[in-house]
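In this document, chain identifiers A, B, C, D and E correspond to the written order of the chains, with residue numbering beginning at 1 in each.
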Amino acid sequence: MSASELVRVEGVSKRFTKSLDLAAKIANRFGAKNREVTVHAVDQVDLSISDGEVVALVGESGCGKSTLGRVVAGIHDASAGKVFWKGEDVSTHSDAARKDFVLGAQMIFQDPMSSLNPRIRAGEIVGEAARVHGMTDKAGQRDYVSSLFKRVGLDPDYVRRYPHQFSGGQRARIGIARALAVNPKLLICDESVAALDVSIQAQVLNLFMDLREDLGLAYLFISHDLGVVRHISDRILIMYLGRVIESGPTRAIFEDPIHPYTKALLDNVPKLEAKKRSFATIKGEIPSPINPPPGCHFHPRCPVAGPRCSREKPKETIVAGGRMAACHLLDGGVV
Amino acid sequence: AQELKIGLSSEPSSADPHFHNLTPNNAVARHVFEPLIFMDEFQRLGFGLAQSWKVLDDLTWEFKLKANVKFHDGSPFTADDVIFTMNRVPNVPQSPAPKTSYVRGKTFEKVDDLTIRVKTAKPEPLMLNHLAQIEIMSAKAAANVTTQDLNAGKGTVGTGPYQFVEFVPGDRYVVKANAEHWGGKPRWERVTFRFLKSDPTRVAALLSGDVDIIENVPTADAARLSKDARVTVSSALSNRIIYLHMDRHREDSPFIKAKDGSAIKNPLNDLRVRKALSMALNRQAIVERIMENEAVSTGQLLPDTYAGTSKKIKIPAYDVDGARKLLTEAGLLPAGFKLTIHGPNGRYTNDTKIIEAVAQMFTRIGIETTVETLPPAVFFTRASTGGPNRTPEFSMILAGWSAGTGEPSDTLKALLGTFNPQAGTGAANRGRFSNAKMDELLAKALATVNDQQRNALLAEATEVAMEDVGIIPIFFPKNTWAAKKGLKVTARTDEYTLAMSVAR
Amino acid sequence: MTQPVLEVENLATHFFTRDGVVKAVDGVSFKVGAGEVLGIVGESGSGKSVTGFSIMGLIDPPGRVVSGSIRLAGEEIVARDDEAMRKVRGKHLAMIFQDPMMTLNPVLRIDTQMIEAVLAHDKVSEQAARERCIEALSMVGIPSPAERLVAYPHQFSGGMRQRVAIATALLHRPKLIIADEPTTALDVTIQSQILAEVQKLCAETGTAMVWITHDLSVVAGLADRIAVMYAGRIVEEGNVSQVLDVPRHPYTRGLIGSVPSANPLGARLKQIPGSTPSLGRLPKGCSFEPRCASASEACRAAKPDATDYPDGSRVACFNPYSLARAS
Amino acid sequence: MLAFIIRRFAQALFVVVAMVVIVFFGTNVVGDPVWMMVPGDATQEQVEEVRRAFGFDQPVYVQFFRFLADIAQGDFGRSYVHGGSAIRLILDRMPATLELAVVALIFAVIIGLPLGLFAGLKPDHPASRAIMAGSILGFSLPTFWVGLMLIMFFAVMLGWLPATGRGPVTTFLGIETSLHTLKGWQHIALPALNLALLKISLVIRLARSGTREASLQDYVKFARAKGLSPRRIVGVHILKNIMIPIVTVLGLEFGSLVAFSVVTETIFAWPGMGKLLLESIQRLDRPLVVAYVMVVVLLFVTINLIVDILYSALDPRVRLAGKSE
Amino acid sequence: MSDVVATPRAKGEFARFVDRFLEDRVAVFGLGLITLIVLLAVFAPLIAPQNPYDLAKVDIMDSRQPPGSKSMDGFTMWLGSDGVGRDLWSGILYGLRISLMVGLLSGLIAATIGLCIGLIAAYFGGRIENVIMRIVDLQLSLPSVLVALILVALLGKGVDKIIIALIVVQWAYYARTVRGSALVERRKEYVEAARSLGLSHTRTMLKHILPNCLAPVIVIATVQTAHAISLEATLSFLGVGLPQTEPSLGVLISNGFQYMLSGKYWISFFPGVALLLTIVGINLVGDRLRDVLNPRLEK
């Protein structure tokens, strides 16, 4: 545990369960087959982020990235496992410490429209929380908001505007300013640039990099765009159906992916440089997290899967260079 | 020899003649069943299934029955049927309004097949009126049948001019001609009574030809219909009186207050005030403007064509100044007072409007009057027993009363007799009026079997009560029928709509 | 060169809205040859979809194709009436949409939706139509197509639905398919499966394709030619390598520069300042002028016309970038 | 599915019990039914006799327990006024009401759907504007008022149709109906139209907004891109989609048709259970009101259930099991 | 950095909304109508030639006079008089007061109740929501006329009673609507942002979610108010509504109903027209609101 560690989650799982009501139970007595539906959105994940570090979370849709992000941001409580903020277990936190955690880890969202309340003016969106938490008072709010607006590259004259009066890129900036208003240490960016056009996306990514430099912020950067991730992150976690299947320093993973899924993912990313290439190196669909395949979740699509893969969950194996991968290939083979 | 379709304004609740003593029930039952005594359209008594009667002594009556009368099922009508019927009447289960009171205190004995004898506990001058209310059923066909069976046509067998066909609650009651009837084959082959409760609907049904006759022509339409060439209208004065009842049993009446809202002594206990109120009423205006002349104003309990009424009682003259003078004498003017009149809405024709008109008139003599009308069920509950200790709640009410017996004794007894549940007087005396002299005269009348003497006593009792303003009578509504051109309805005072009254 | 499948010339489609005229497409010209894939890229709102719909004749009021010509295999289709156009749609021209969740009618079974597409143009028996559907489905890589045919759309994943849409488009072996961002909503691995199928099918059937996207990297791998749209116009068009490697228009350059992978790792990205203008009130001159680093007086005065280059590309700019100038 | 049905009926049971308790105690507070039963000239002793005979002299809760005890023995109460089993009386009248409601529903669909479809497809057409204006009017006109106007116009002035009542009734396949004769249809035409009026407006609106919304959907665009004829697009793609909300809403509105029949039946003297309810309320015939509530709540629950099943049949996306979320 | 605003809309949202609303001439007509009607009702005591509730002023000698007749007090009864001699024009003005008050007050209270309940259900979810929504379902499964009919029969007559009955039949519609839109809003990321910023539940609910749920509430409020007014009239027609002596429009109509066939059409007709205009006006406005506030149909 490094001294500068900001947040760490250990063995965190998040399950969403739709339980049966009385009627369904009675019906079951009569032979109906109502079952509880449980989604293992996140399944025993370890993750730590140090001060000023950019960790990227990559994976296909429904694999639990956002859910993990929310757990880290303190929006969801984990179903199992522990979350440590600055080395302390948040479940044992005092109110003040809890507030430090909630405010210290701020989320920035994907949809620039739905993440801003359409009926609240930009200035209030940004300043409300700071005022409520006593970081500024009513009189000082104006200046406080102005400085935040400048910080994210918005004209402070726009404070009285409503969200719909801004362009997509500007809305993203308001979302960032809102998070910055409570002096966070960690920003959790959930697909924060996915909805933006490339040219705007570049502006926002630059802003993120500037903020990191200026404020020493750490990031949990959730994305499915490997190009972006590669550019911005120090470390990558790759998730598949709720589990982290590989993690390590960005450069190392891009140069030498270990897990077959990581390999496939990297192969499938369209690249500007690759003209007239041939696509598709991986077959099959992403399975549902309600009924994940047994053993290694990836085995039905894996080109190198063997009989063991459908039986046993692969162990997380530490590899040299601060890397981890969960694949039977690293651990005695697939047969 | 045709079908006749009649639109009724209210629906019989049953085809069992003894189940529910209600006008519509009795009226439809009269087609199928017949009582020993008939009442004609003016409620005068005549022979029904009885051929003659004799008063043997004050406590014994003997009736000869008509011979050769047959029930619809072909069996002959005999004294057994009468006895059966009289025994059945008090024993109809779940009856909401049994006819028990008509047979109470009477013992029926069979003398021979066509003679019965009735013994009473005390002199019963109203014997005939009572027997006129009881429809004779067949001992054979109606043995052990329930009200539901009768509704379904099982045992619905009488001696009447029409035979029961079907009763569809909510829709119709159908009878067909009984060719074997002792009075000859009836005029109509088939008669269908349709139940058309809503007034405009009923009129529309007549105008559109859905029905041939409607009863209870709404006052609003009577005038127009009588001008309509497609329709003939006939009407008769009803035996119903619409009147005001005043609180006489409290010194502090809850709905009478001084104008500033403080309590005052109940002014209605002062005869001058009661007189003033009666004088303040412009009865004629009410009759013309509200009832559209479908009523006749009155100062007593029954139209003076009825037995037991008094020719001496005049309709109190409309006299605002006189009324004010009386109020001043009583010390109530110029201060005036506040009064709330209560009444049902929808129970009597134009009831709310009448109360409003009355209130207008009272207001003109300095009594600030407000009106509160209530659904009938609520109104009657509160008006009868809404106060403390199940006393009447209101200070002044508008109500109606119909004299089913065709003379005023019941009315006097129930409305004006001193309230006394044991003696059975004052049952509907919701003002708790009490006049010893009247009570005495009435008691005497009720023990007098001689018609003439009794009627004189009743007239006198009425005079006393009216002089003391026990109630303020307003008017008698008219019962009006409208028929399609070519049909003629003989209007009846008892509100019964009978196919037998319809001629071509 | 043989007859191009599609020739679009000076196409202008305007929307006459309450707030004024929106010139969504304003003078667009391009050609697509048989078996060729043209990628149209541009930012959101630049008029890509409207171009596609204009070709399909699916512009609804208040929009209208105000001028220009669209020739399909040499035949003008702009002025055609509804019925005539209907006969072309689906038969010779097909289209695939962005959102696979929405393109299939959720309350109708897949077979209904595919068979009706066959019967709309060919008088064949229902059985024959069904077989053609099965065939089309297996072409796009749907396993056990006969069984899947009787399913409802919601029983399919997004990728599967998009395949169904593609199969439907292929039913009549159209001359041209317009694909409007068909993979944007899909995951990387699924996207690349679809791209692979499409590539294969175009090669096999010789169907020409217009692939609309905002993702340069996708067209880089798929298209033969690329047209870059900005504010209703094509600012640059040419071979893939031509446009991506030596872009001449400042916008194209900016766009490519914004892509992270085109920048050194961890460095600040090159960025185009500002954001896309509203089509309702474009400047008189070049629409890109307010964001352009190399704008000149001329750019403010008038809109530049497209200039043809010997390498087959066309650029609409007064100050195009050239290797000569760069050096 | 089974769970779903159980859930629904548990709910129904709850409503029935709640309503019965409310109605039972409520009617008792309002007034004494005795006064509505006895004739106007009844004497005190008659009144007391009846009161005793019906147990009104007992405290309410005693009456209530007696009522519960009777239910336990399968006796749901007898009408004070009519004497017979209250449930039976209601059930006897139910076919007439249901017939009226069903015909009204059919009217609503066959009149409303084409109009709404048209208005939705051509929102700017003058006729569409007229249709929409008409639908607002239809929404706004009080039922009772229209009823009388219909009678005035069609029955009294034109004499085309009978003003009141139901045609001759037969039992067909165990269902009592008056629709087998022309006469029956003549009788039902006006009341059904009266009852349907509001629903016609509703269907027009649902159809219009559904059509407008559906026509903006990608799948309609895709259908056009496939080269389908407008007839097929409207007749299959759009219609099937708008039928979902229409069937759902109409199914639920069927309950309100039954309820509003109180008004229509009163005006047109239609021998249904609505009229009976109104009379029972006025007469404080508590057992009948209670029975009506029981029957009607069960009826509604059944209808809702059918609607849900229909809904899932129409919309393949819906599975009943998931509906409770 | 020089950021160009993409689409700076000069006007605020409200102004835009007003603009859009006013585009439709029919709706403007409806709004004008409603305004006029409300003004008439508010200023009825100043406008009406007669206080129809003051029995000293009403004379049965004036009853059933055709439109344009002179009253005993000397003023002209432009719309005629009713069965007890009330000037109909005055009666309608005062009746409007009652009808509107009943409609608006019941709507307001029901909306407030429904709003709170719907919001709580959507926000907290789980068991609370389940219980609330079951109750709402129950309420909605029973048609409003029926519930109102039975309630009014149980509660008795009177303005307060009918308002209670109308609240009971309306609140569930609001609760359902609010819950529906609050559920949508709740899933939006700005709510999560509010949570993430450590704002309290109350604040999130009231300040962030509530304002975004108001649009549909406004729409159904118009419909419900119109419905309530019409329902009151229906109940009055059925004889279980308001007392006859201080008539609402419904009572006036139902009182005049008996004169329909006798040629004295005005007694029922004019109040009917007043009722119709009120409801049509409200519905026209509501219709337009629905179009304007429903972004899905925005072109």
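The definition used in the following text is that contacts are C-beta pairs under 8 Å (C-beta built on N, C-alpha and C of every residue); 3 or more make two chains touch, one makes a residue touch a chain.
Nothing here was measured: the structure is a model prediction, and the numbers come from that model.
Visitor: Following contacts chain by chain, what is the lowest number of steps it takes to reach chain D starting at chain A?
Guide: The fewest steps needed to get from chain A to chain D is 1.
Visitor: Go through D-E and B-D and name the pair with more C-beta contacts between its chains.
Guide: Of D-E and B-D, more C-beta pairs in contact link B-D.
Visitor: Round to the nearest whole Å and give the separation of the Cα centres of chain C and chain E.
Guide: One centre to the other, that is 51 Å.
Visitor: Averaging only over C-alpha atoms, locate the centres of chain A and chain B and give their separation in whole Å.
Guide: Those two chain centres are 87 Å apart.
Visitor: If you average the CA atoms of chain A and of chain E, how far apart do the two points sit, in angstrom?
Guide: Comparing mean C-alpha positions, chain E is 48 Å from chain A.
Visitor: Could you list the positions in chain A whose residues touch two or more of the other chains?
Guide: 21, 167-170 - these are the residues of chain A that touch more than one other chain.
Visitor: Which residue numbers or ranges of chain E touch two or more of the other chains?
Guide: Counting only residues that touch two or more other chains, chain E contributes 1, 3, 6-7, 153, 156, 239-240, 257, 260-261.
Visitor: Which chain D residues reach two or more other chains?
Guide: Residue numbers touching two or more other chains: 30, 148, 152, 156, 266, 282.
Visitor: Which part of chain B faces chain D closely enough to touch in the complex?
Guide: Its residues touching chain D are 7, 11, 13-14, 16, 19-23, 93-98, 100-101, 147-148, 151, 168-172, 194-198, 200-201, 204-205, 207-210, 240, 346, 375-382, 384-385, 400-404, 410-411, 413-414, 421, 424, 426-428.
Visitor: So in the complex, the part of chain D that touches chain B is made up of which residues?
Guide: For chain D paired with chain B, touching residues are 30-33, 35-50, 53-54, 78, 80-84, 89, 92-93, 96, 148, 151-152, 155-156, 159, 162-166, 266-269, 271-272, 275-276, 279, 282-284.
Visitor: Per the contact definition, I'd like the list of chain D residues that touch chain A in the complex.
Guide: 1-4, 6-7, 10, 321, 324-325
Visitor: What residues of chain D sit close enough to touch chain E in their complex?
Guide: It is residues 11, 14-15, 19, 22-23, 26-27, 29-30, 132-133, 136-137, 139-145, 148, 152, 156, 209, 212-213, 252, 255-256, 258-260, 262-263, 266, 277-278, 281-282, 289, 293, 296-297, 300-301, 304 of chain D that touch chain E.
Visitor: Help me check something: in the complex, which residues belonging to chain A touch chain C?
Guide: Checking each residue of chain A against chain C gives 60-61, 167-170, 197-203, 205-206, 209-210, 224, 226-228, 230-232, 251, 264-265, 268-283, 285-286.
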